[in-house]
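Listed next: structures, encoded as structure tokens.
Two complexes follow with chain A in common, the first pairing it with chain B and the second with chain C.
Up next, the complex of A and B:
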């Protein structure tokens, strides 16, 4: 118990430390911008960034963009999760397919999702479909890799206990393989989510939006076009905040309730 | 008299390591009576684990058959529950209680949740783990994990409990405690037990009969009836007579010398089967 509270206190101190650092950095930025050494157009004051950000939130523009980004990402990521589940299942059943998937992963993994964008535009046009495709392509490889490794990491003994209890087929997968692979599945989702964000922002910056619909990438791109630099930074702030929020609320929350509680982490 | 419950009939298992053919089991024959406690002992690579896995149905024999209560077995079944040596046999995502309740649920042994909880409580009590129900496996010691595994296996009421060196990874002290506990549990549940070990003392401490196996080809070398009164003590003269008998059967030349070595291995207690050949 004593050890635990001490540990908690240490964690608290660390968080406080980090918060102070961020506040300090923001103030440093503000002061640096106020010196007038840099053109204010290119290096706006932090206060201006936040005023502009609040204005964009109030007028609804940035939230609409955010909603669109999330919508597109969920589509791409959702399709990627589904595809990886199917691919991994088939790979588990057939060693031949497993070898193919491994070869495909080795080939595709070094290729950044954004690199396929020009071809995707030719195939699917410049609509949101192309962005979804790029997100799908960017997030699918880490998902497959982790799911594949995760399923293989489940101890044979646990699978045999399941078989001993009369489980087979789908029931065995659902009640033993999936929970057993969960630490890897969670990692796959984390990496997939990060890749999906990167891909969506990058893709929108290349060809923007069609029919006035676009996400945060498009927002940043458009604001830069009109040289509304504080809003450009504002867009980045929103991306950072969403990233932190999803990590803290979603992934960490799930991790604490599952993998860490079960002692399935390596620490 | 008691009927033969398990019949192993000229069971053979061959497999290949590279180009070499390994005769893991070669026409194994023995019978187990209802409620008996049988120990299987042999050098590393004698196929004693393979034999147990064939009986469990995890491995298909290349010849012969296993008959349980008049029926030939063809795959894993809940009437033959296995307890492994590996501490990973518990599901880490379930608490101690949930591990047992899960087994009860998927085997349909108890329909309602309340009933499952009640049975789980009874089996936790049997293995002396009342009060640990809500802990996760990673919070347990090795000995406690093995106790949970025994409770989980027994909870589904198997006809026979197959134990594959369940105490092989425990320290010597815990091992002795669990041996005593197992004898008590066996007495209370009257379950038939087939227990694989490579530890001679363990075999003599536990079983009614000791099946001594030979390695490559894996054959039954002898079946020793162990009539020692319980509780058994390694200090007893008869204990040592059986010890020397098994020791000689296993092919060791000099009892005095190896007896000293044996004490060392017993102290470390986690000697595993690393080689397919008998070491020595």
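Up next, the complex of A and C:
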């Protein structure tokens, strides 16, 4: 109980510290912009960024773009999670496939998703299908890498204990393998999510986005060409906020309820 | 021995004394120029190859950019002194408070919307899923498309959901392979390449939309550069003029000079230089026409009220101001 409150207090202090740092950085930005040392067109005041952001939220454009980005990322990431689950399962069952998967990972992992965009455009054309494909490609390798390593790192003794308790097949996977590999699975999802965002924004900025179906990448791209620089920063602020929100609400929530509760982290 | 050295040194001194002031008499002023790649920028390539800026007392520093947006950002941050961009991107900057004006017109080229689809004969035939490639939002091609949409469909934003942003070479590759896009709003040489494909046709061209030819690009300089370095400013304007005139008077030689830059044969380059509608000129054409439309369609807050607001005095002098009603050259600004 004492340990619990101490832990909570530490968490609170950390959050407060981080919040103070962010507020300080924002004030520093505002002051720097107000000195007039930089062209205001390229380096707008923070206050202007937020006024503009509120205007974009009120007129609905930024939220529509955000909804589209999330929709397309969920598609790409969802497909990547499914594919990686299937691939890893097969790899776990066959050492031969496992070797192939490892070779493929070594080849593909360093390749940024955006690098395959020109080929994707030639094969699938422009539009959201191509962007989903780039997101899928960007997030699948960290997912497979972590799943694969995670499952293989579950100690044999634990598996044997499970077998002794009479667990077999899916029950064994659910009760021993998945919990054992969970820290890795979570890391894979985190990296996959981050990569999916990067890929979607980058892909829409390079090309393939269009007026009808475009997310935040297209929003930022378009605002840049109309020289609405506060809105460009506004788009970035939204991406940061969504990142923080998902990290805090989804990943940390899951982590506290699983990995930490199971005593699998040092903290 | 010592005598020889002494004579040698004194000779050097004399030479230095005579030549030094001469060299100083013509100091080369550095001029940072933002360039892009393509047939439109042929005058810059010619000026570079023939040392035209140097002859006008300038030491050019060339910087290459990939898009008009990047050129605009380079001008605002002071990375370059002068740059070239379409009138709409220039106006967007002007509207946002950039302190810059037009220093010269820069080339007239045919611009057109090309498709391979025999069923698309006018803008009315575009279905919601048909994609139209333009280089970027707010580019001259995008604004021309919006102007055409207003004329034909009654709404400048009617085709906004059809546009996709693609650099010219990517758009041309996509259209020629008939992958992903239905139409491409583009400029030479991509326009010429696309129209040479069997079955490819023009849906609408710039002159039909605008009413008469206009400068595809304009030379833009910051007021700061213009006010503080007037000599460098006028040398720049004169050098651009000389490069334009040289191309017009020496098309074949220009084609030979430019061919390796474009990776084309000299014959093909010459065909492109002589394509109907190409005009290497630094005269101002259509400087005011975009402003009113862009303000009405909401791309900028207000249109320039007079040419003085957006052009420097050398441009104003060419256009003039006829008492008792606009002259021919004043009329073609709208």
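Observations on the model:
To be clear about the criterion, the second predicted complex is superposed on the first by the 248 of 267 C-alpha atoms of A that agree within 3 Å, B and C clash if a C-alpha of one lies under 4 Å from a C-alpha of the other, contacts with A are read in each partner's own complex, and residues count from 1 in each chain.
Convention: a contact is a pair of C-beta atoms (placed from the backbone, for glycine too) under 8 Å apart; a residue touches a chain by one contact, two chains touch by 3 or more.
Since the model is a prediction, treat every value here as computed from it, not as a measurement.
With chain A as the common reference, the superposed partners chain B and chain C fit together side by side. Once the two complexes are laid over each other on the shared chain, residue contacts for A:39 go to chain C alone; chain B is not touched. In the superposition on chain A, contact of A:158 is made with chain B only, not with chain C.
When the two complexes are overlaid on their common chain A, residue A:95 makes contact with neither chain B nor chain C.
Look at A:169: by the touch rule set out above, it reaches neither chain B nor chain C.
When the two structures are aligned on the shared chain, A:262 is found in touch with chain B, with no touch to chain C.
Once chain A of one complex is fitted onto chain A of the other, the partner contacts of A:182 are limited to chain B, with no touch recorded for chain C. Following the chain A superposition, chain B and chain C show a smallest Cα-Cα distance of 50 angstrom.
No residue of chain A lies at the contact with chain B in one complex and also at the contact with chain C in the other. Partner chain C is touched in their complex by these residues of chain A: 39-42, 118, 121-122, 125-127, 207-212, 221-222, 224-228. Residues of chain A that touch chain B in their complex: 155, 157-158, 160-161, 163-167, 171, 175-176, 179-180, 182, 258, 261-264. If you check the complex, the residues on chain B that touch chain A are 56, 58, 76-78, 80-82, 84, 86, 88-89, 91-93, 102-103, 106-107, 136-139, 156. Against chain A, in their complex, chain C makes its touches with residues 69, 72-73, 76-78, 89, 92-93, 96-98, 128, 131, 136-139, 160-167, 170, 174, 177, 179-181, 299.
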